[in-house]
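Per-chain numbering from 1; labels A, B, C and D assigned in written order.
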């Protein structure tokens, strides 16, 4: 999936490369499905192990399952590295880093033993769940969406910055208006309230109690309700634009170089050059069939 | 409404078929309206019966009404089966299964009596409400929407998967950050909190209490507030595309095979062939009526 | 604003009609602004009077202000009726009914005195606020939006019906899953919870407590988060369509009757008839300037 | 950034003007980045100082940092004023007022000393955060969005007014239905509840408890869930329109004055006039190079 990845050498390594990194043979597809199932199972084990009741009942099972998954994923990573021409290129890529982070926490348990570190390791263990990101590889469909997101990302970032600015100002305002016991104990907390309100999440853990505070809140709510239109509008426009872009061929006219003809175009719309190189230009046969031109 | 359904035989069965399965005669329209009213009434009875105060006051009335509806719907299903050529085709279809599920729970009360089973039957009884799905039959308008949904379903599923992935990662993160007494007692519960937050529902039954947890929450809220743009943008584009597609005929040009002419087109835009086969091409009459071209 | 309204007779009645029902003279504009201010002031008085602190302090002031507004609006309605040719046409229209409802509650206080009726009158009094609807008259801009809403209303109603059906099924499901003390005491209450959740309002007054209930809730939330795309997409498409429709003139071609030409079109795109009737067709001057045709 | 601003005089003032008000030289870009960092740091200090724990630990540090920022921003404002030809024009502009408001609260502490004023000053101090608005200057990208917002602002205001009207009516209705101890103690509070519900924020601090009240709430929620489509649809259409408008040049044809040609157009689509004035019209060279036409 990464265009710059190449198998290192012939024979076994090339075959392993085709199974692991490509997905057009039945073998490679089978590998993908098994790997996907293993990733989901390992995430499920981490999740269930965190539920006190399940941990009490099946703790040891989860522990050994965790080790099993870690060993399998470690072997898988070793094979990936083995069959590549330039393994570092993969290890430094996003998926390589995720692969390493997915197995590191469990192995670190061996190197850094002791009671205190256990809590710390729990933090790293959660990174395990990044393994799920691997699933993204299996879905090629999302490319169009990701592209539209990328093109609108600049405007959406600007939108998020504006949101943050508005929330800072309104949060500070409500912080001054509301008494401390309403939950607005500091500006950062008031900003948190502002985001909860503007994004229309509305937990209700901090709510204004004074009429003036409620009045400002209403302004924030209506603002949040209205400006949701901005990212939606920008992204809708991008998706529509990318659908429309599909209508245009990107081959340049051999006559004048113009390169935004519709797929159905047969003559260049600027200089009139015949575009379809596989069939002869009907105009050159003009003398044989002059009435065709007349229509 | 199901294109493969055919009446079995002549006479009474054909007439019943036209009343029950079609809706172009006044009789059939009357049947549809009566059935719709019965379905809504039966759902209302199940709902009201679940309210303790109403159950205490009108329990027996609801009980016999329930039996009345069940008998009527059973007769209706019997007639449907009777007038069809191949009843199994209907019974195996979505609407057939819903029809059976809608009457089964009440009949099961007879077969499996006893105090304990009453609670169990309540579960089955709720399926009764699937009867409402039948109403879908009466609305033909939704077809366009359903089609646009189908075409965008692939991208929306991908979007939901991404949402679930993000929620798993962020939920685990907040599970590690927040103390247990804030409600984040396990990763699945933290994922539940993540969905409550990302979809901007925001119950407030579980909320972060630490500054770091609130900071991560703010990221989740802003994410949820922004990426709502994705399904909306995709679906908007699909609806606009389907409106635009309406502008184009899908009949191929008899001359060159090009098949994306606007409905108003009279000549093929590629080869100039006359497209409207019902009327003669004015060009062939050019010599007889040259002034027609001049207007 | 209502096209069928006509002044009754000449002189004073016509002049009053122009002031009250039209808005192109300075006098009529002044009347509109004064009326708008009076309506907003009367609504403000009703609202402030409902606040206990304000009622205690200014109760009598509000009482007489209320009577003042009622008398002014009654006189205004009388004048409206006086200057119309067919007053009943207006009184039966939407704005006529709103006008009557806006003054009725206060007058009813005289006819039906007594302590008990006071509470009842409070209900009617709120209808007073419908007076605000009158403000709609002053805003002509909304016509485009209302039209787009009307054209998409059929699909949005269908959408709302689907939402209600889904909420009924999911609500019943959660009603069966959750224990009664979680707040799911009846199916209607569970449906209320379903709407609170699906629309992403999320009060948090009723929340699922069992893992299974939370799992179903997550499905409802994700559903609500995704299908918001439907009304948004439908309405976006309608607005874009109405903007595009602006591009087309609705004047029919005098040659063939085709009526969807762009405003910039000068020749009929079907039969080639010259469309701009104010200037001569350059083709009729063809003999004088043959090179113009050649470009 | 403000087109009417001009440096006052030559030499130093012009050079300072270029650094402070423009951003095309490396020096000016450096100044912008340093200023942006200072603004963010000063906002961070005000925010952290409001957290009780941080104030107790670092109160004096924050106090002197505050004074440091205030002096730096005061000098900056003085230099701005010094290098302008007409300083009042800047001071009366939006950014000028924000600049003054950003430094005023701290200076006022000197003029109006005393314990009582401290609380008052806290209110003014928050205005300090308006400094963040200055950051807007650095982002030129948002212009397109702001323009689309401006064009749709009229319709969005109308939408907000409709929302407010609906909320007033529904709020009053629920105020009458619900008992006072449910939180609906006055119509303004009920309107606050209405906005919390319609915008799908849903704090849950005031919720209906009667079945009828919950029924009306459901209507408000579904309304809020549906009409969010209005601002989104309007804004989407505006963004799409502005992207499309980009395709058209606004230069009028020298022949007929038509001014909606696509950028790629070389001949006027109405009268055939050659539009590109920098290069000669190929048609005038037709006799010299007839094969150019043939390509």
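Note that in this section contacts are C-beta pairs under 8 Å (C-beta built on N, C-alpha and C of every residue); 3 or more make two chains touch, one makes a residue touch a chain.
For each chain, UniProt lists the protein as follows: A, B, C, D = Voltage-gated potassium channel.
This one's a predicted model, so the numbers in the text were calculated from it and none came from an experiment.
Trainee: Going by average Cα coordinates, which chain is farthest removed from chain A?
Mentor: C
Trainee: Give the rotation angle, in degrees and rounded to the nearest 5, that superposes the C-alpha atoms of chain A onto those of its identical copy chain D.
Mentor: It works out to 90 degrees.
Trainee: Tell me whether chain A and chain B, two copies of the same sequence, contact each other through the same residue numbers or different ones, using over half shared as the line for same.
Mentor: Different, since most residue numbers here occur in only one copy.
Trainee: Please compute the C-alpha centroid of chain C, do the same for chain D, then give the distance between them in whole Å.
Mentor: The computed centroid separation for chain C versus chain D comes out at 29 Å.
Trainee: Provide the C-alpha centroid distance between chain B and chain D, rounded to the nearest whole angstrom.
Mentor: 41
Trainee: Residues of chain C that contact two or more other chains, please.
Mentor: 159, 188, 191, 200-204, 224, 228, 232, 234, 236, 240
Trainee: Quick check: in the complex, which residue numbers of chain C touch chain A?
Mentor: Result: residues 200-204, 232, 236 of chain C touch chain A.
Trainee: Give every residue of chain C touching chain B within the complex, in rising order.
Mentor: My answer: residues 154-155, 158-159, 161-162, 165, 168-169, 172-173, 175-176, 185-188, 191, 197, 200-204, 207, 211, 214-215, 217-218, 221-222, 224-226, 228-230, 232-234, 236-237, 240-241, 255, 258, 260, 269-273, 283.
Trainee: Which residues of chain D touch chain A once you look at their complex with the stated criterion?
Mentor: For chain D paired with chain A, touching residues are 43, 46-48, 50-52, 122-123, 126, 129-130, 132-133, 135-136, 139, 141-142, 144-145, 148-149, 156, 159-160, 163, 188-189, 191-192, 195-196, 198-205, 224, 228, 231-232, 234-236, 238-240, 243, 264, 266, 293-295.
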